Each structure stands twice: as structure tokens, then as C-alpha cells.
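Given below, in the form of C-alpha cells, are the structures.
Here subunit A shows up in two complexes: once beside subunit B, once beside subunit C.
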Partner chain A sequence: MEHKRFELAMSPHVGTQQSTRKIMFDVVIALLPALAAATWFFGPGALLIVALSVATAVLAEYLCLKFMKRPVSFAFDGSAIVTGILLAYNVPPGVPWWLPVLGSAFAIVVGKQAFGGLGHNIVNPALLGRAFLMASFPILMTAGWTAPEEWRNGQDNPWETNGIVQEELLEMPNADAISGATPLNVLKQSFDLDKSAALADEEGNHAEAAELGARASGIRHALSQKSTYLNLLVGRRGGCIGETSVLLLLAGALFLIIRGVLEIRLPLSYLGTVALFAWVFGGSGWFNGDPLFHVLAGGVILGGFFMVSDMVTTPVTPKGRIIFGVGAGLLTMVIRRWGGYPEGCSYSILLMNLITPLIDRFTRPKIFGEVKEND
Partner chain B sequence: MSLMKDLTNGIYKENPVFKLALGMCPFLAVTTSVENALGMGAAATFVLIASNFLVSLFRNLIPSKVRIPCYIVIIATFVTLVDMVMHAYLPALHKSLGIFIPLIVVNCIILGRAEGFANRHPVLNSIADGIGMGVGFTMAMVVLATFRELLGNGTWLNMNVLGSAFRNQPLLIAILAPGAFILLSFIMGFFKILETRKGGRQ
Partner chain C sequence: MTRARTFRGGTHPPGNKGLSSGKPIRKIPAPDIVRIPLCQHLGAPSKSVVKKGDTVIRGQEIGAQNGFISLPTHSSVNGTVTGIEDYPMPHRRSGPVVVIETESEEGGQIFEKWDDFHDHSPAEIIERVKQAGISGMGGACFPTYVKLSPPPDKKIDTLLINGVECEPYLTADDRLMLERPDDIILGMEILAYTLGVQRCVIGIEVNKPNAIDVMKKKGVTVLPLKVKYPQGAEKQLIDAATGREVPAGGLPLDIGVVVQNVATAAAVAGAVRDGEPSIRRIITVTGKGVSSPCNYDACVGTLFTDLIEESGGYSGDVERLISGGPMMGIALYTDGVPVTKGTSGVLALSPQEVRDIAEGPCIRCGKCVDICPLKLVPSMIATAAENDRWEMAKEYGALNCMACGTCSYVCPAGRYLVHYIKKAQDAIRSGQGEGA
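On to the complex of A and B.
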């Protein structure tokens, strides 16, 4: 069969300068600076993880298309590369090499091709891959945090040195003990301590409650010492491979906005909701949270500019996009503040992806010239 | 002749799970291990045969207006029997199947066969149908449980198959709820492909 000239594609068929290929490679270019930062802070291992993930994604896409007897040229339109990069950006830098391979293959085969390929997937494949890895390997996915720049000091096995730090943390809440964990992890632990303190207070153990409360605020103090805004902006902190370097991610996003690929409503409503919620509920009381910390510390910059704004799985109407951003922001912060996980970015986007068709249906714009029916 | 057809009908051609998509609730819930699948399959098969037998026997006596309550009473009798016997002789299995044993009462395969087959066929054919459907259900559960136990725990019928290196980091999702749905859809897709290859597109 000859597919060179006439490929069947989804509507619309009106031609523009933009093509899937161009958009996807723009996104790849926008994502690359953050990879440089990840390699600088977490070592060549991070680069290897991204490379493996991308290679697996493209190979899985190719094999799926071959198996389903569809034109294999779709495998090289760049969308698999983006999925591979995003999946790798969403795993801790200390994971074993086979983990991103497995996640990437799952993302493409189950998340994308099983639904019919690009444009038919109902949720973001990379995030589905991450959710799959979180459900399958909860320990590996929440403990492989590499402390930034440690690899150059000869400690090339982050798995040994930075396993789970919670125990040490409870014993000595000083700045050094928290270098490996992500800032949000540490914050979560301080809130957990607050909760135990309140419980002890109710039971009448006032001395224990006071001690737990002091420990919680000690941890928060150490956190503010270690994770300064500068460190968070540059990416000198523990975290998933691609989420840490805020400045370079923003530079990539700016490039996409200039190229007309990124629609600004989604990220703005998402990040705005996160910041507002953090200010109101994020602290230990009301209206004393730190919005900037919540925006910079987790994965919402990566999520907001590169995953909330995914063209396939988010609403197409302007109003719908704002609803999507606000909803995802609320879910993210509810999970962070009261949920079981320290970070809720990926799950919030997945959940909102599922109701995207519904949002689109209820925000359908009025057709011009249509007369409203009287009932 | 037709007895043989009724017997084999449920095993592949009208497999209650893969072809009719019935009985999904216990099917997805208890297939975390092959042992559970076999236990559930045996319990359901017994109830299926016994209820098919009684429903068929009384099919001319039961007034059609109250037939559903009558089926439920018959089925519930046998389910209670299975529940008590299992509790007495297989307490471990009883505990791991839990609520899903009493829930056999509302298993739509059993009610469906009572209404759809035993209601209008002679006793012997109904028993054959019960056996076939029960075996089909059990086989389907063992197939899914094989995948789930192998991937999620590295074992098959509690035998270590994939080695301890795998068992340290198994694909946990396979024995969680999402894994059941994902694997089920792959198996059903596989059967769909088989069907399409054999009979052409319908």
C-alpha cells in the first residue's frame, strides 16, 4: 500500500501552516531546557531515563501501528516523543532503568493506541503511564528522590543514600536531613505531625501535643531555610526529573506561547486557582498560606504548561478551558492539603481529562444567528 | 445430541463472561488469585446446576407472574448451603471470598440461565446447560486470575513461578481493581479478533 501522498486524517481538513508534526516538535524544543537542568542537578542518570522513555514510546507506537495495520508514519509525528519525555519528567531520578520503559510502553499501548491513537485518547497518556507506575510500584515511585548536585560528590547511588527519609526527619528536623525528599513531601509530614498533635491534645496529652507541634513547626522552618524561592526557581531541590527547574520550564512555555501553540487560558486558570487556594487554606490557619511556595515547589509548572494544556484531552471552548483549569487546580490543592499524597497534580489532571467531553458539551457556544427556542 | 450441544454451549460459544459479559461483579472482584477463582467457580457451578435442575423440574408448576421470586428462593437456598459448607470445611477460602459468596444469589448468570434456559427446557438439558455455563464461568475466571496472579504476585496457584527477583517488585496494579479491568478488556479484545478472523466481520 502506498501512503506517501494520501493519508487519512481526522477533520478539520482546512489546511494551515500548523501541522501535528510542527506542533509536537515545538513542544519537544520547549521541553529540552528543563532536561539540561535535570542532567545538571541529578546527573547523567536522568538523561538516560528520558532517552529510554522516548525510545520505548516511539518503538511501542511503531509496533502498535504495525500490528493494527495502520500507516506507521504516524509513529514519527513527534507525539510519541512528547509522551515519552513527559512520562520521564514525571518519575523520580533515582528509579531503576526498566521503570520508565514499562511506564512508557503502557502509556502508548493502553493510554493511546488502544483508544485509536493520537486524537482519540481520553486521558493524557503520559499521566496514565505515571498513574500505572504509582499503582504498581508505590515504593520505587515515592522514594527514589536524588538530592540535587549530589552525584558530583561521588555519591552515585541515590537509592542507597536517599531511600525514605521520614524516620530521620522525625528525629532531627534540620536542613541536611531533608535534602533528598521533595519539598511537598516534607510539608505533608509537618501537617501529619500537626494532625497527631491535635489528636494528642484531644486525648489530654498536652505535653506530647506541644512537642509534636514544635516538631512540625521546626520542620517547616527547616524547609523554608532549605527551599528558598531562588532554589525552587532554579530547581535546586528534590523532585521528579522534569518538574524542578521552574525557570527553564517557563522559558519553554514562553517559546510555545510565541509560536502560538500554547493557549494561555488553561495554565493561567490552573496556576491561579492553585495559588489562591494555597493562600487561603495552605497554611496552618486561614489566609496565611504561601501561594508562591505551592506554585513553585511541586509539579504544577510542568503540569500547568505542558499537561493541562494538552490539545487532545482538554476542552476546546474558551469557557470550558477555564472550568478545566479551575477544577484541576482545586483538585490538586485538595489532594495536597488533605489527601494521601504530597502532590496531586497528575491525578487532578487525569480526573479532569475524564470529564472533558462533559465540559465541552455544556459550554458549547451559541451558534451565530440561531434563535432561542421558546418553551 | 442436543444434550451435548447444551453442555458445550456455555464453554465457548456463549461463554457467560467473555461472550455475554454477565457476572462481571464476582468475576472482577475475586480473580486476584487462581485459588479464589477456582473456589468461586466451584461454588457458582454447584448453585447453577442445582438451581437449573429445580427450576426446570418446577417449570410447569411456577405461575409465570411470580417466577422471579420463586427463582430467587431456589437460588438462595443453594447459596446458603454453599456458604455454610464452605464456612465449615474451607474456612480460609470462605474468608478470602467473603461477601461474594452470599452475593452469588444475585449473580446474573444464574438468574439468567434460570429465566432464559431452565424455564423452558427439560430437566436433563437444563442440568447439561448448568454444567456447561458453570465450567465456562470457572474457566474464564481462571484465565483472568492466571494473568493477575502471575503479574501481580509472581505465583500461580500459590506456586512461585517467576522467581523471587520479580516477586520483590511485582506489577501490583494487576491485582488491584484497574488491573482487572485492563486485562479483561485485552482478553475480550483477543476473543473479538478470533471471532473476526473466523467468521468475518458481522
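On to the complex of A and C.
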């Protein structure tokens, strides 16, 4: 008897419509609204930086794969585009054009391909690229802030770079170091003034202490006047290219949730921790911080929804994800409050990335029907 | 109606049951030649007790039970044995079959008919279930009589009848419940009597409302279950029905439960009431690769080729031929394999139905961890297995995996997770993990 022959394969024989490629392009789509805001507030220059960064990422990925004789199709799976966008979103809008190119290439070559490519990188490539730029070009990376809408309104724009009245700025110590700053930068300065005030107080210089203290609260007051919640929500403030428009970033996150791509435990535990910590320690005393300001003013919305929730570099276990989010939240706030940088989002994520394998190992879910041996 | 219950985890593959769910069971005659496998059940194959040239009658034992976890095998026709040969099997590469040239299918009463099973002791019924060669017909093919003989220290309080049929495409159990509910109910009563249990429930997914209605009208306690794969897996069914977790590495009887498939219950009724051994079963022949999908009542030893022909042959390209459902079924390289007691479906999938994705690297999305019904970490087991790290695979629960396929189904990278985990299981069981 003649029998037809068929192909053999392991079960299951059917599967989801979802694919790595679709997930990556969903993330790209989710990141695009914030790009519109960046272009609106920071000008076409921001758009150019993102474009250069993405092009470099894809090209670097393609060349790496080609050089290593691996399938070059990986270069077009969308993951390099995501890395390119995220890197550009994490640099100030005023940086020279070659900076994102360098960062993006570093992110892909060292951060991703050196570890084996997609799925094998230990830390978030875009954040590693940013850390590389911070270490190599600290001045460019901290001085390139552009005031919102400056490109359209010229120098006499209604928005000071940082949302602070100019007179206050001039009175600040190290004023040139923060020429052009982000709200968190300004907040950091006010805390430094607090520190100086405390020091003066100890030395018995009470009058100077009182003056410094008054200036610190003056700056905080001015900050709350200019950096209103509305401005922070729409992104009318100084900051990295992609981090400012909270509303549009949230819209992208919502899209990812609807598409079933975003794991919600990570961003929620992260932002929750940031908010709680900000309330307890974020003010001048205890329990008088402004959690909403801390969540809206820096990069934690971008970080929480697009980098803390990066699949490759975060735990796979449900419990591990919460630990990751809480840990990254704590580190972010410790850096913001007591560390050397005004913003701790990216370093906190990088540090947590490093212990992700460990978290996974110690949070293995209890197997169905598993009984402890001494039970 | 009470709210449908379920378990944690799982996924929702498209059901595709509409292809065959409306088709009544068609009893088809035995083909001219039947090939009856001697290894249709889990455990030791039965030992052939006939030889070439022997005349056999329908229901006659042609293979003897060969050990505790083993069963006898019976002829499904009257005819002449023309040989015992190695033949391709639906569940393994090949195995011995008894080839019988069919003369007729009538008569052949071997076992006595028992009008009222209450006249017989549970021990007698267990012996009959064994003699009739009944094995679990839901897929695992475990000898049923063994499940009915729990050790004396295990108190059984619940009998669960599995009418879930969570595998997409398959409708054999659904049709059986609609068309032969009395057989199932009698089987249920016999099983409950044999086990000495009061609590007897039939679990059915809510995508089979007619079957639920039929069973309810007959006065059976129905447990409606949410449509979710793998709701019909033994442990998940028990979890949904009783809230009890079968201990890892343990058996349902450890927590006082016995689960039997609806087709098994019907076969038990046939064995006790009619003295019928297990030589026929209901099979769904479906998929977009066959011309007219249908449900058949066919005898063991019928070739898949015959069933496909009954269904009007293949239609268009057939990408894959499967014995069973699309989630756990086994891909076949030929349709020339015989129906066994455990064959629930023959699936001819068109290229559009089969998942077509090149395997990519794990992007650690964690979907498999979220949906694993046994709470394993499939991605980690697979990665460990790819690197021959058997100890690590074991630590992440490789041995607990039941190969339900949910993880592979949801994996966006298209990884062959079940394949890797099975590889790890084989390696661990064969002792490769030790001394590493």
C-alpha cells in the first residue's frame, strides 16, 4: 500500500500569533508618541539625534552579525531600533550629533553583541551606552539641556531652562555647573544648600545658615511654581529627549498593556517604591516629600515603563520582578537624595540588571504540589 | 448556573471544534485487514498468544497480560491471523502488531453479560475491567484496573469523570456525552461502586453546553469548567474540582481522588453490562487537511489511512498529520498506523494551521513562567537542557513537566520548550545528571 509521507515535529503543533519581532515593533510604536513631544519642545534637533541613534544601532548590529557570521536577519527584528531609540531618549537634547552615534554603537557592540546578541545581554544595552557617555563626556552629558520651546521662541523664551527664575539661579552656588538644568538638578542644588546651611549652623554662623536655608526653600518654592504638575505631565521642562512627556509615555505604556507586551509588576513596583521613598525622604524633613514630583520630574516614567520592564535584562519569575522593581526604586531614590547625581534612574536599573540571574535563582516559584521535605 | 471553575495558569488556543462537533458518531465496519498492536497501553506490551494461521473470534484474547502494569489485548474481528509483524505505531516508532484477515464482526461473546453490577463484588468488577483490557482512553493509556485498586491505606473519597476535552479540534468525548450518556453514567456508577465513593462529579468545559445539559438532565452532578488549556489535565481538573493539589511526584489517589475519562467510563460500562472487551473507540478525524471531518466509532487495528479515506481523503496540502490533538498529539510520518485504544483523534493540519516560526533566542519575556500550569520555569529548564546542565534543569522542576505544551504555545521566540524539557527528563532519568 502506498502511504503519504509527512514532516515530523515536536508538539505542540499550533502556537500563538505573537513573535519576538511583533513585540519589538510594538515597543517601537509605544515609544513614538514621546518622540513627537520631544520634537515639539526641543526642536528638530531632537528628532535628528533619535534618527542618528537608531540608524547607528541597526547598522552596528548588522555589521556585528555579518562579522560574526551569524544570521543578519536579527538586525531587522526591531530590537536594535528599540535600543537606538532608548539611547537617544536618555541624552540631553543639546548634545552634538556624534555623541548619540558613539553611544548607540557602544550599546550594540559592547552592551549587546559582545554578550551573544538578542536575549543574552546582561544589562540593558541602551543604559550601558548612556553610562559610557556619562563616564566619557560628563560635561556634554550634563550641560546639553535645552529649555522647552527655546528653538521656536528664541532666547527670550518664557520658560527658563529649569523652570527657575533667573535671579535665583544667579545666587546659587556653582551656578555655572547647572546652567541649563532639569527640575531634579535644581532640587539637588536646593539640597546642597541645605547641607551648606547645616554646616554653617554647626560652625556657629547662624545668620549665614538662615540665609542659605531661606534660599533653599526659595528655590524649592520657585520650582513648584514653574514645574507645575501640568508642565511635568505634558513635558514642558528640561530633561533628556524622551523622558519629559509623561502623558505620551503613559499612552505608549497603555498600548503595550493592551497588546499584552508589558509586564505590569515591574513598573508598578518600581514607581510605587519611588513614590513611597520620595514621600518619606524626599523633602527637607521626613514624610513631607512630594511623591508626585519625584515620579513626574525625572526619568522614572520612561525608565519604569520601558527599561525596568525590559524583558531580557529583568527577572522572569513573578516574585523576582517585584524584587527587581522595589530594588531599582530604592536605588534610584538613594542616588537622587544622597548620591552624586540628580537622577539615579539609569544606574539603579543597571545595578539591578547585574543581579537579575541571582534574583531569578532565589525566587523560583513553588512547583504545583511541591511539599517541603520537613513538612 | 454556578460559576465555572478553573486552575491557575494555562492559555487559550483557538478551539476549532466546530469542524467536527456537529457530526454524529459514525460506526464504520472493520477493514479487510486489521493490525492490532500488542502495546496499546502504558507499561509492558502484552505477549502474543496466537500464531500465523490461527482462527480468532471477535473479543478473543490474542495477547496476554505481561506484568502488573500491563493488559491483555483482544481481537476486534472474527478472522485468521496472517502474521505478527513490526509495524509503525501512532505513539512510538514501531511495535509488534497481530495482523488479522477479517471475515466478519458479528458475535464473539467471550465474557458473561452482567445485568446488575451490584450482584458482583468490587474485586470481580476490577478483574473484569482488567480482563477486558481497559486502559485510560483520554490519552495516557494507563491500565484502568490499577487505578481502581488503590493501596488499602489510601482512602478515596472522590471520583472525577473527565469530560473536559480541552485539546483543540477534538470532539470525540463531546459526541460520546451527547449520544451515549447512559453508558457514561452506568460506567460512573460502576466505578463509584468499585471504589466505594459517594462523591462523583463529571467535569465539562462550558464550550460544550449541550453535553452539560444532557448530563444535568440525567441527574449527574456536573462541574462546569472555564474553557482553558490544559483544563483536562488530571492535576488541573482535580485542582479546579476539589481545590486539592496532587503532590509533586505523587498520584491523585494520594489526595483521595480517582479521575477517569468519559470514554473509559463508557468502556467500563460495556465490559460489565455487555461483556465487551476494549476493542472499539470513538475517534475524531479532523483538521482543514481532510475533506469532511467526522467522528467515528472504529475498531482497534483500523489504519489511519482508512479513516482518512472515510473522511473523503486529504484536501489540499497537509503540513502535518497528528495522532491526538494539536497541543500534545504526536506527529506521524505516515498515515499507515493502526488505531489503538488511546487514539482520540487523527488530525490533518493544513500549512495555515501549523505554527510557522523560526526558533529564536529566548528574550526572557517570562510568558512561559506565567502560564505553566505546574508552576515550573520552562525557559530556564530549556536553557539548562540546551547546555547539558541537567542538575539545573532538575532544580527548576524538569521532572514535574507533563509536556502539556502550553509554554511552547505562548513562546514568542518559538522555542521548542517541550522538546528541551523532555530531553532533560530523559537525561536526568538515565542518570546523566549525576557526577557532573
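In this text, the second predicted complex is superposed on the first by the 330 of 375 C-alpha atoms of A that agree within 3 Å, B and C clash if a C-alpha of one lies under 4 Å from a C-alpha of the other, contacts with A are read in each partner's own complex, and residues count from 1 in each chain.
By our rule, a residue touches a chain if its C-beta (ideal position, glycine included) is under 8 Å from a C-beta of that chain, and two chains touch if they have at least 3 such contacts.
The structure presented is a predicted model; accordingly, all values stated were derived computationally and were not measured.
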Chain touching more of subunit A, residue-wise (subunit B, subunit C): C
Which of subunit B and subunit C A:Lys366 touches, first, second, both or neither: second
Partner chain in contact with A:Ala207 - subunit B first, subunit C second, else both or neither: neither
First, second, both or neither for A:Phe132, with subunit B first and subunit C second: first
Contacts of A:Val110 with subunit B and subunit C, given as first, second, both or neither: first
Touched partner set for A:Leu140, first subunit B, second subunit C, both or neither: first
Subunit B versus subunit C as contact partner of A:Arg321, first or second or both or neither: second
Shared subunit A contacts, counted only where both subunit B and subunit C touch the same residue: none
Subunit B-touching residues of subunit A, taken from the complex the two chains share: 110, 114, 132, 135-138, 140
Contacting residues of subunit B [partner subunit A, same complex]: 169-174, 176, 178-179, 182, 185
Residues on subunit C engaged by subunit A in the complex (per definition of touch): 11, 13-14, 168, 235, 239, 245-250, 305, 314, 318-322, 326-336, 347, 349, 353-355, 357, 360-366, 369-370, 373-377, 379-380, 395-397, 400, 403, 405-406, 408-414, 416, 418-419, 422
Complex contacts: residues of subunit A adjacent to subunit C: 1, 3-16, 18-20, 22-23, 77, 117-120, 263, 311-318, 321, 360, 364-371
